[in-house]
Each structure stands twice: as structure tokens, then as C-alpha cells.
Amino acid sequence: MSRRIFITGYGIITSIGNNADENYQSLINRKCGFGGLEILDTIHKQDLPACEIKLSDDQLCEIAGVSLKQGYTRTTLLGIIAAKEAMRMASLTPAEIRTAGLLSATTTGGIRELERHYYPLQDPFQHGDFEVFTDTANPGEHSERMAEEFGMKRYIATVSTACSSSANTIMLGARLIRNGELETAICGGTEALSKFTINGFNSLMILDKEHCRPFDISRKGLNLGEGGAYLVLQSEDMVQRSGKTPLAELTGYGNTNDAFHQTASSPDGAGAFLAMNMALNTASLVASEISYINTHGTATENNDLSEGLAIQKLFGDRVPPFSSTKPYTGHTLAAAGSIEAVFSILAIRHAVIFPNINFNIPMDELSITPEKELIEGRPLKNVLSNSFGFGGNVSSLLFSAV
Amino acid sequence: MNNTNYYINGLGIVSPQRTFDNNRFLQEIVSYHANVLSAIAPDFKEYINPIQLRRLSRMLRIGLTAAIICIRDSGIAKPDGIITGTGYGFLNDTAKFVSEMLAQEEQHVTPTFFMQGTYNALSGLVALTLKCNGYNNTYVNKGFSFETSLHDAMMQLNEGNLKNFLVGAYDEADEVQYKVNSRINHYKKHHINSLELFEHNTDGSLQGETAAFFSISKEKGQECWCIVKGVRMVFRPYSLAELEQELDDFLLKNKTATGDIDLLINGVSGDPHNDHFLIELKQKFFQQASEVRFKHLCGEFCTASSFGLWLGASILKKQQIPSAVQFNLVSSPRPIKNALLVNQYMGRNYSFILLNKNV
Amino acid sequence: MENNTQTVEELIPQVKVGIIKQLNIEITPEALDENTALFGEGLGLDSIDALELIVMIDRDYGIKIGDPKEARKVFQSVRIMAEYIQENRKK
């Protein structure tokens, strides 16, 4: 049960880069993906800017190496691109890929295509190009499509716990490896922007029309984003057998429910505290051993207060450096957990702490402030990555240097 | 994790049959004639307080009711973890939101349907209602959604930190799904009597819905229904041989032979195009077993195996096979000790769940 | 535009019907007292109801409220809502 879990590869595509290197360069150069929408067709292109990947679906097909017009949803394409990079980085053999599990997360799946072809899809007398999107609105569809693309069938699962989704795929991957069900698990999440999410979050009045400002007193809400990110998790045995050098270790994880409100976090961050604490416990670490926290930090009034108080409660007067990277990528919902897991590993590998863009004035309720500037040359041993979602779902992952 | 007993210590199910009363067992059967089977719910007010009830959609009400029936049955008011599985989630609410958004050209859109449409809305609602801060997750992988939920719970029970889980499944007979999936012949073209599902040799199945919750633990409860031994999922087997090999491997790992199976709970959907592997498995390996089928009672949906598990648990506990589910009875009936649930969804997601009678 | 001349007393029953319909509340308009607190003790509405009501007064009266916290002041009771609508309506 105490088998160690190593990360041997990762891949990522977001509005700040099509792969891990590009994302890293943007992170250290304060380059954010926020701006008007150009690809998604919505009346909110200008008034509700977001962090959009400026590539058409056809361009994404090309990067993903798949044929055009075959019914790959944008969510699936982002997933294929990121997962392929992760598998390449891990130098997985065809046999390893075949026997790996694919654990993927999304909150909307193919909703973007459903909303685009909503009426024709429901009219049996209409025929046309839209028919390739029959039944792609199902959230599990993207995982099956990705698995088929990679020739994987050993274990396929899809998680949807709102904005904590992909963190939970990483936990499931670890669990499947520790229970001896798998040696290799490709874990992560993918999410395309859609009118559905933009209008949904807008109706909840938690979108900021300006660039979001996590942990700042003037924060007014989140910016949405899109992207995909996957990690290759492998068992200790597998890593030893293949002679690979692991990139990081997944040492801890915690999943709890805040049980406070359908969409809001509890004011004191009870669930967040429990999840972070559980991550520490599974890793047998104490709070003072944490070197950096990549927070959920969506910049909603509610999240940052709740998360900030939970951090203060757990770490007392020794709160480690923390920052939110949401101003870079926007809130990518189901993909946020794995995107920020990749950022956490990048931080460990490059010994850096990424700045919390747009932070200026501390919140009255908190005594802690995020890192405003890039910190370089700071060896990081253990990094916590938080992901919280609607429905009270709260997850925390702990990555450690190897 | 092999040879571990996972006890089902309570359950609650709201389905197109009157299954919400655990003291009754398919005594009267409801038939449907328009290819859609709808859940028969009890009076929600007996399970959900009126303030909470107001803003809950139909499926959230049904789901929460099933969870509360299960909680009352198991006597465990606060489980250590809650896991749900669903194929299409609250597509009905999502569709309401999308329709409103499109019709109003993205103006004056209200949040309630958006909020209720998230796949984890039920697991969150159950946690909120039970004040359960424990592990919480939702799987949404078509015909594997419920199986993955069950498997996750079993692995965590095996790890030993958590003692009992509430594992649920829900899917709604949604109109958008019906219309879209009719394009791929997922549903029968002509209306049939649902009880005659297996007599029509035509493409497609019937649309169904159910919410089912199970309380599962490594410790046997007083009201234990049955034991789950194992679960296995098989994605798109290329051939019957591949499925057979998976079945062999699964049974071997659980130290069970095909001849030990007394009851086969067959998740055939009435679509000959997708059913043939399961029918061949039955003929090849389970001639000695009694066969029951269930999708004529609950319809087809991604998490229909949850209805199958309820059926298996009930037969094992009550040692009685209702005539409405009997497909063939073996000539010399024997005590029902080992039951195997085999299921398929769209001919892509196959699963096996092995059950034992509680001893 | 003639609606703009509606008095608060005339608006009250209209607002009651609007709230009950928008929020799917199972009571009659008569049973909803115009002075009862809508949130907290009283009718027991919550933050999501507030968002629904913000959409309602924008759609029906052309009043835009950008901040949910401000909305809670407006939505104290049916009477206060009616007074606010009467003063601020654009249609």
C-alpha cells in the first residue's frame, strides 16, 4: 500500500503555450493569456474576455495529428495534444501505453459542439457535417476517444467534480497504482471554452470583466480559460525496471467535501483545511516542510477568502510562499487541477516560484500575501496544489522533488 | 484486494418500478409503451425538507431520495465517503440552460439550471444534506460510471482508512439524449410494450432512468444484503474471445469457476446488435445458472448496472427470483450463493460484478 | 411606457407574482406578505435566489444591478423591491 508514485512525464496546452516549455517561458515572463475572444462565437467576445487558445479546431487537429472533421470535440483535441506530449516526455513504450490507464476529467466535454449544433442534432430529418458530433456532449466521450486514439483500453475513467476534477484523476491514478491495478496511469483533464460556461458563470455573477486579481482586496471574480494537461504516473517498480529518471513524486493527496453550499465555499474554508491536512498526512509531512503552495486562487471574493483562511489555519504564522497562476491561464475548470499540477512540477524542476500577477493590496481579512514577483533559484522540496469546486468538492495534491 | 468481502449494508433505489420500498420486491410490475421508462418516486416530502425541495430539479430529488432511503436502511447517518456515477448527469437541466441561452441570445440567463446541471451536483447535495466532509467524487464515464464508483470505494476500503462508503448511480431519461441518440439507433424505432423488450429482434433499446445508492463496507452490517467480491470493466473487446479471457481472469482472481455461478444477472439491452456477446457468454458458460434480465423493467441507461446490482442483492438476500425477471430457470434449482452481473452499454462498455450471498 | 406610472401599491402584487414564478415557490401571492423579509428568517431565500431576482428585475423592468451585495439591500422585502423598481425602472 505504501508504493511510491512517480511522475515521469507531463504535457500541457493553455492560452499561454502549446507545450510545457512554452508555458514555462510565459510563466517566468509574466505573459498572460487574457483577452477578447476570437475563436469562440459568442456575443460576449469583448465584454467578457477570457484566456482563450488562439487556434481554430482545424489547427488543433493538425497539432494533435488527427484527421479533420472526424467529430473530435475541442475538449478532446486539447486532451490529445497534452496527453501525447506527456507520453512522449515519459518515453512510454507501445506496451506501456497499451497497459496504461487513462483517467481524464472534464466538466463540459462536448457542450461547445452541442450548443453549436443544438437544434439540427435533435432533428432527425436534418443531415450534414454536424452529425459527426452526435453523442459527443457526453462527458465520458472525450476519454474514450482519447483512449481509442492512443490504443489504450486497460482502464478508462472520467471524473467530473467541477473545478477540482482533474486533481481527482491524479488521486485515482495513484490509488490504482497503489492497489496494484495499474503500473502506469495517464491522468489529467481537458476543457474547452463554451458559451455554456461563459453564460453560466456570468449568471452567477462571478466573472470579472477585467483581468482577475487573486488575493487582492479589489478582486471581483474569475476569468475563464481553456486548456488540457496530463501527467504520467508510474509505479516505483516500473520506474526502476525501465531505468527512467522520475521528474517528481506524488507524495500526498486529500479529497474532502466542504458540505457548506451548492456553489459557495464555507467562510472559514473547513473543507480546504481538511484536504490540505490530509495531503500532508498521506505524505507523512508536517506543515513546515511545505515549500510553496499553488493555490486555487480564482479571484472570486468567496474562494480567496475561504482558501486564505484555511491556509492561515493550517500553517499558522509559518505560511509558505504561495501564489495563484489563474491570471495566466484563467480558470480552466476541470483542467485546472492538472494544469496547476504541471506548474507545481515545473516550479520544483526549475527552482522557481511563479508570481501572483495583479496582486497589489492585501485583503483586510487575511494577514498573508501572495508572492508578487518571480522568485528564482529557490529549491523547492514539497509543493501543495489546491483545486476546489462547486458541490463542495475540495482536493489538494502534494508533489515532492526527487 | 482479492478475496476481500465488501458488504452491501443498505440500499435505496428509485426506478421505473416501485422499488423505493425495500420491504417489497417486484410484487407488481409496471409496463411502458412509448419506449421511455420513467422513475416512480415516493412522496419527496417524506425524505427532503420543503425548503431544500424547492430548488431541486426532479432528478436531484429522485437522487437525494434514493440516498436517504439507503442511509435509513444501513443506519449509517454519515458515511466516510460519497461517490456517484452517471452517464449523462443532469442533461435535462443543462439542456434547459442551453435552450434559454440560445433562445435569449445569451441575455437574461438565470443560474439555477447551470448550477444544477453539474455532474457532481448530487454527490455535493448528499454531502451537504448529511453534513459529510469526507471523500467525495463523481465518475462520468458512460457505461463504466457506476462500476468505477464502486471500484474506487472498494480500493479505499481495502486501504483501510475509511470504513464505509455511499456509492450511487443516477441517470435521467432525458429528451435531448433521446432525440440525439435516436440518430444512432440507440432506441427502438417503433413503440413496444417494455415487458416484451426481449421478444423484438430489432435494433435499439428503451430509454430508462434510475437513481440507486448502496452503503458498502468491509464490515458486515445488520441488514446486509449481499457481498461484492469484485468488479471488472472491459472496454470495447475486439472479439468474444477477448471478453471470455477477461471473464476467466476476473473469476480466477476471485477464486470462482464459471460452474460456481448460480445466478446470472444479464444486462442485455434488447438490441441484438449489442447483446450477442452476453448471450453467447450465457450459452457457453452459464447453462447451470438461473438467468435473470432487468432492462425491460428499468430501460437502458449508462448506469443500468446499478439496477442489476440492486436486483442481484435483493435475490441473494431474499433467496427468491421474481417471475418478472426470470429468463430461464435451471431444472434443478439450488440455493443462490454466487451471482454474476454481466452488463454492456452500447456494445462498448462491458462489465462484470461478482456477488456472494451473505453468510 | 405607461407602466412607468404604476404606483408602489400597484407594483406590489405584480412583484409578488414575479418572485413566486421566478423562484418556483409553492405559495399563493396572497400568502406572501409585502413586509416579510425575503432572505434569512422570513421567506428563507438564499444567494442563488438573489441572482435569479437580479435577472428578473433586469428583464422585466430594465434595472441592472451589478453587485449581488447591493441586490440584497433592494430585495429586503416585496415592498422595498416595489419602491426600488418604481424609482429606477427603465421600462
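The letters A, B and C name the chains in turn, as written, and every chain counts its residues from 1.
Criterion: a residue touches a chain if its C-beta (ideal position, glycine included) is under 8 Å from a C-beta of that chain, and two chains touch if they have at least 3 such contacts.
Here the structure is a predicted model, which means the values were calculated and not measured.
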Exercise. Based on the touch definition given at the start, go ahead and assign the chain network to line, ring, star, complete or other.
Key: complete
Quiz item: Given the two chain pairs B-C and A-C, which is bridged by the higher number of C-beta pairs in contact?
Solution: B-C
Exercise. Determine, using the mean of C-alpha atoms as each chain's centre, which chain is farthest from chain C.
Key: B
Quiz item: Once you find the CA centre of chain A and the CA centre of chain B, what distance in Å lies between them?
Solution: 30
Quiz item: Distance-wise, how many Å sit between the C-alpha centres of chain B and chain C, to the nearest whole number?
Solution: 43
Quiz item: Using the average of all C-alpha atoms in each chain as its centre, how far is it in Å between chain A and chain C?
Solution: 39
Quiz item: Multi-chain contacts in chain C: which residues touch at least two other chains?
Solution: 48, 51, 55
Quiz item: Among the residues of chain B, which ones contact at least 2 other chains?
Solution: 109-111, 115
Quiz item: Where does chain A touch two or more other chains at once, residue-wise?
Solution: 203-204, 261-263
Quiz item: Can you list the chain B residues touching chain C in their complex?
Solution: 50-51, 54-55, 108-112, 115
Exercise. Within their complex, state which residues of chain C touch chain B.
Key: 22-26, 44, 48-49, 51-52, 55, 58-59
Self-check item: Residue ranges of chain A touching chain B (in the complex, touch as defined)
Solution: 1, 42-44, 107, 111, 114-115, 118, 121-124, 131, 134-135, 137-141, 143-144, 147-148, 153, 155-162, 168, 172, 175-176, 178-181, 195-196, 199-200, 202-204, 255-263, 270-271, 274, 389-393
Quiz prompt | Interface residues, chain B side, partner chain A - complex | solution = 1, 82, 87-89, 91, 94, 97-99, 101-102, 105-107, 109-111, 114-115, 118-121, 123-125, 127-128, 130-142, 144-145, 148, 152, 155-156, 158-160, 176, 179-184, 233-236, 302, 348
Exercise. In the complex, go through chain A and note every residue touching chain C.
Key: 203-205, 261-264
